[in-house]
Amino acid sequence: MRRVRLGMVGGGQGAFIGAVHRIAARIDDRFELVAGALSSSPDRAAASAAELGLAPDRSYDDFAEMARAEAARTDGIEAVAIVTPNHMHAAPAIAFLEAGIHVICDKPLAATLAQAEAIAHAAAASPAHFILTHNYTGYPLIRQAREMAARGDLGEIRLVQVEYAQDWLAREVHNKQADWRTDPTRSGAGAIGDIGTHAFNLAQFVSGMAPEALSAELHSFVPGRKVDDNAHIRLRFEGGARGMLWASQVAVGNENGLRLRIYGSEGGLEWGQENPNAMAFTRFGEPRQILTRGGPGLGGGAGRWTRVPPGHPEGYLEGFANLYADAADLILGSGDGALLPGIEAGLDGMWFIDACQRSSAADGAWIARQSGSVR
Amino acid sequence: MRRVRLGMVGGGQGAFIGAVHRIAARIDDRFELVAGALSSSPDRAAASAAELGLAPDRSYDDFAEMARAEAARTDGIEAVAIVTPNHMHAAPAIAFLEAGIHVICDKPLAATLAQAEAIAHAAAASPAHFILTHNYTGYPLIRQAREMAARGDLGEIRLVQVEYAQDWLAREVHNKQADWRTDPTRSGAGAIGDIGTHAFNLAQFVSGMAPEALSAELHSFVPGRKVDDNAHIRLRFEGGARGMLWASQVAVGNENGLRLRIYGSEGGLEWGQENPNAMAFTRFGEPRQILTRGGPGLGGGAGRWTRVPPGHPEGYLEGFANLYADAADLILGSGDGALLPGIEAGLDGMWFIDACQRSSAADGAWIARQSGSVR
Amino acid sequence: MRRVRLGMVGGGQGAFIGAVHRIAARIDDRFELVAGALSSSPDRAAASAAELGLAPDRSYDDFAEMARAEAARTDGIEAVAIVTPNHMHAAPAIAFLEAGIHVICDKPLAATLAQAEAIAHAAAASPAHFILTHNYTGYPLIRQAREMAARGDLGEIRLVQVEYAQDWLAREVHNKQADWRTDPTRSGAGAIGDIGTHAFNLAQFVSGMAPEALSAELHSFVPGRKVDDNAHIRLRFEGGARGMLWASQVAVGNENGLRLRIYGSEGGLEWGQENPNAMAFTRFGEPRQILTRGGPGLGGGAGRWTRVPPGHPEGYLEGFANLYADAADLILGSGDGALLPGIEAGLDGMWFIDACQRSSAADGAWIARQSGSVR
Amino acid sequence: MRRVRLGMVGGGQGAFIGAVHRIAARIDDRFELVAGALSSSPDRAAASAAELGLAPDRSYDDFAEMARAEAARTDGIEAVAIVTPNHMHAAPAIAFLEAGIHVICDKPLAATLAQAEAIAHAAAASPAHFILTHNYTGYPLIRQAREMAARGDLGEIRLVQVEYAQDWLAREVHNKQADWRTDPTRSGAGAIGDIGTHAFNLAQFVSGMAPEALSAELHSFVPGRKVDDNAHIRLRFEGGARGMLWASQVAVGNENGLRLRIYGSEGGLEWGQENPNAMAFTRFGEPRQILTRGGPGLGGGAGRWTRVPPGHPEGYLEGFANLYADAADLILGSGDGALLPGIEAGLDGMWFIDACQRSSAADGAWIARQSGSVR
């Protein structure tokens, strides 16, 4: 099967998530990276491009030029990965969508609601696909959990407990990653945007339930910090289920503690990202079972979305790669992308961020979700 | 050292917590059970007393008679364990306090605020001690955690995440234990009273911080249930710390999942009741350490509150027994009972229950704690 | 039910295992301790007796006098717990057996084969019972595992992997516990006697299979140590199963790591003593299940041998207490003691020690077990 | 940095380990696969090559032709991955070594000692490198452990406990993977070759100690099986350390349970492959620490051999990729390959297999390792 021609915006030297996207695109050999506007600094852009083996004429100083030039080439890129800070998602996303080039964009969708809505409009008007890399949905057991919830293994879902705890911002810290994430003009939010949106997305993705309202308390513990570094959130779902979401970047001892627990009238599921190859499943009144990636008892294509047998752990990069593999299938017409987060997941996340901020400002007042609008 | 003469109210045949109290009192051989009003049914009271080897003349049909008679004997009981349902705590507690007999009472303090206040007044007027068996405070590593928090190992405490998840009430169930616990006239509350108060107490006991306000969402998932079976609670502590408390009796797959996590500016602690002999402690920027009961690195009397060496697990009963051992020391004058929960912890718990109910009725409004009053 | 009158030999101040036996006897209130020869030092014996509340006339300076005197009393002890160092088991055991008093003896049976055989002869000639406290057989899930093995849940058993790792003797250490255990004249052996016999016993107890031969390599890592502190052993069982046993007291980081894994043609079981309330069970081709003490899926009297519900951990002392409870039932005629290790388990253990020493001296030669003889 | 031109022998459609090698080579973008003799069946070879995007003229029907043709091209492959069954390693390895092309060969080295020695001679005579993919040495924490052992964090090493437990051969099974592995003419051995060599290699790699002798008991549990499916092995190391190795493919409930524990006079390390991002380290007398991949406390280049931050799990493929990345460095002259297993590790493994078979045939007799010879 031929490989999809891919470009990248952002992700130059020193970047974290750009390198992750490149590995994820490479693992299953479904993409070839052929163009980039890798940095807003022309020197760094060129140096980064050389390092990655891009042809010099396909290393661009700016994304707009890149969109134009690539759209004009017969061998131009078919898709672009946007891996810039949040406030720099909208402009390139719109440019590439308008050029008919598929967009694979890092999360959250944008730094502001206005930016998010602009992307949404561009996506609606474009024949190209828009994919948002809520990468944790790519873990095989998360997709398994979603199927189990959908087919009723949990009965009627009552409770969603989700948390995302880190500690790398427990003190004031300055580096490329921390700086833009704690600058509200570039990130739009703190923990709720950077990790809370992942947790919120995962809760919906697995439970299949839409949130109806939330109530939040945001807090900044580190002196001088301008964005939230801890969030305590209650959720109400359609149909009466309840949820709790904790996101923190100051929970000392936690590296990347994304954990999801879902309980229904008939069963419960528990999964944690740091050991993603196992998931606990309990049917009421029976012993707890440990389901493993690719292992027995998964009821159906146990080997889907995995590359190696059970007991040979896959991790973060392979989960991320599953999104890229699905994206390749979608782009090449061999898949429907049904599991890929898109513009709607992005708008959900923007609503989540905005509603958290408004609720917290109103001492935890419940903020309802109007369907069809970001606010 | 001589043994304390103990009586018991409640705890007849078929009871759960009464048997637990008796084992806890026996483990360290600091008490002898010599009298009881073990059941409100005279036949069951007598049969239960015979089974326990009580002298027939010290098996009473009612607690009031027991209090009078025992107070009049030179070899009368020095302490009484009250192990009845919540709504039956106040009357015997007051009777024994008035008789000058120490009271060891199961939690929560009472089924109503009025009952709780009546007990508090009786305790204030009595020379006898009042001890509330928030037994989870008896776990050695919980006491260790309290010391670590107090001496600053965590730095300034920022976050308290506490949860207590069970699943035994995930369906409608009828038995002696379930019946009174789900009957609001006997229990006063559901999950928040039965297990939420333990979680709330533990959060305070370990962190050493007083709650300032809470915001709660209570829910009953099982059709027809008259009390809450799930609670999502946010906490604000004096000094700015924040907390989250989840209590549930419908979380399928959880047996007795009491879990406490505390994070400060310098470190984090994580402990779970189901494997109580280990606790994770992380100093910021250092590897996570696993502290074990009686093991190395505890900084001080590592062997306190334990009976067997590290690696020989102690459990629920030994933790409970630590409260009884402390009570014996207090009663016999060889200890100050500083770690024992008492009337204040009981009133805190009653405030917690009441505030949860009022907050939930007001859609999660914050309920402040007025110091010195139950409400 | 009335309590069994119990005496104790050894277990005076400063002893470890004596205190454990007393708590174990007390937990279920089936015994009352009324006599003792608690120390070979008369002063310490008297002081220890006073501390335990024994009547002064029932504190003896020597066990022989105690056996005579107690046998002569109408209210004399019915059973005696022998908790002395290994080389001091035989003499008191024989004295009490000859006096018709039941013996509850700590393991291993003796320090030498000759002592062991003498006890065996005395036991055979006595109407009294002889019970050896291989206490780990008292854990509810170990008894569960035995049942599962017996009823074929594992299919034909192929493999027994058992290990017992500690680290408290990783360096030269001097204290009451270490001194006699590392003195071959008092202990008879090092790690193989102190902990290896437990592992060996557990392997047989759960698998229901008798060992046919073993091959051992013993080693002393700590300079100057006169007994083994590490043992690597291979086992052959009747019927063709194979086993591996590792016992070590120098495995740094291990507190009391007794772990048993059994694999058959149809399933596998894994259990570890440090978290004894859970056991993994896998049927071939199905997900791993986590069985919990008293929890669902145990197939039969789930609540046997436990005192508190699942999720309320029981530990080492409760497991030990199960042996005492069974002993009380046996002595009082209300149970058959079928699960209690006795003289045969003791002789098995002595064979194990001796065979390990002979095999290791012969560079790992296989030593066969002649049925019916110690060697 | 330019990419190394890579060829592959074996690894056509339906193969397992060939696909793994390709992903491993791709993850860090250090190789491009440009040629292959992917199957001994010409049709399958061509179809597989097309699927992988190889130019048709570089898909060969046989490895010998491939070695000749590629060596003759100016753009010929610089390295070849040999991923055939064991008995098919020697011929292609020798052909490519003689052609001056670097060889990256799957383990074990060969199916027979004679084959192994032939490879060794070819390697000695060739300027090309020979790399054996004992991939578990690529896990970052395994390399960390090796450094810790080497710099004395464990003190003098006393004990190496290593095990590798699987269950996929617990019954008779027929598929491409199982068939050749259980055919002695193609594999040369059963569990000891397929997984035991990994365990043996890891023990040496981390401890830095050479084995001096071993004693083994091999067994076949599944009726009709012609190779061992379980092995119980004792090891003696230079300097007096001892070891135990268990390899099994019939341990029901184990997927890929490779586990290493090393204990010295000053500390202990424990690591398991199924959760490879954490490792327990205990200094004697201190609490156990949990070291994490890329996390704090690793003492030195914490970020080496990893791609994503701590808490973002890497797995089997990333560990494997570390060998390929090192191989690329070695081939391009930017690294010395010091951590790469080579011909010596291969011969060690062959000695291990042969010695196990001879020892087991001799009822567990100790087989010494003559330095410098395979036997």
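Each chain carries a letter (A, B, C and D) given by its place in the written order, and its residues are counted from 1.
Note that a contact is a pair of C-beta atoms (placed from the backbone, for glycine too) under 8 Å apart; a residue touches a chain by one contact, two chains touch by 3 or more.
These figures come from a predicted structure and were not determined experimentally.
Matching C-D against the pairs in B-D, A-B or A-D identifies A-B as its interface repeat (over half of contact pairs the same by residue number). Set against the C-alpha centre of chain A, every other chain centre is closer than that of C. Annotation: 35 Å between the Cα-based centres of chain B and chain C. Note on chain placement: the centre of chain A and the centre of chain C lie 55 Å apart, centres being C-alpha means. The residues of chain C that reach two or more other chains are 254, 280-281, 288, 292, 295, listed in rising order. If you check the complex, the residues on chain B that touch chain D are 280-281, 285-292, 295-297. Those residues of chain D whose C-beta lies close enough to touch chain C in the complex are 154, 158-159, 161, 167, 170-171, 215, 217, 219, 221, 230, 232, 234, 242, 244, 246, 248, 250-254, 261, 263-268, 270, 280-284, 288, 363-364, 366. Across the complex, chain B is touched by residues 1-3, 16, 19-20, 22-23, 26-29, 51, 53, 166, 168, 254-257, 273-277, 292, 295, 307-318 of chain C.
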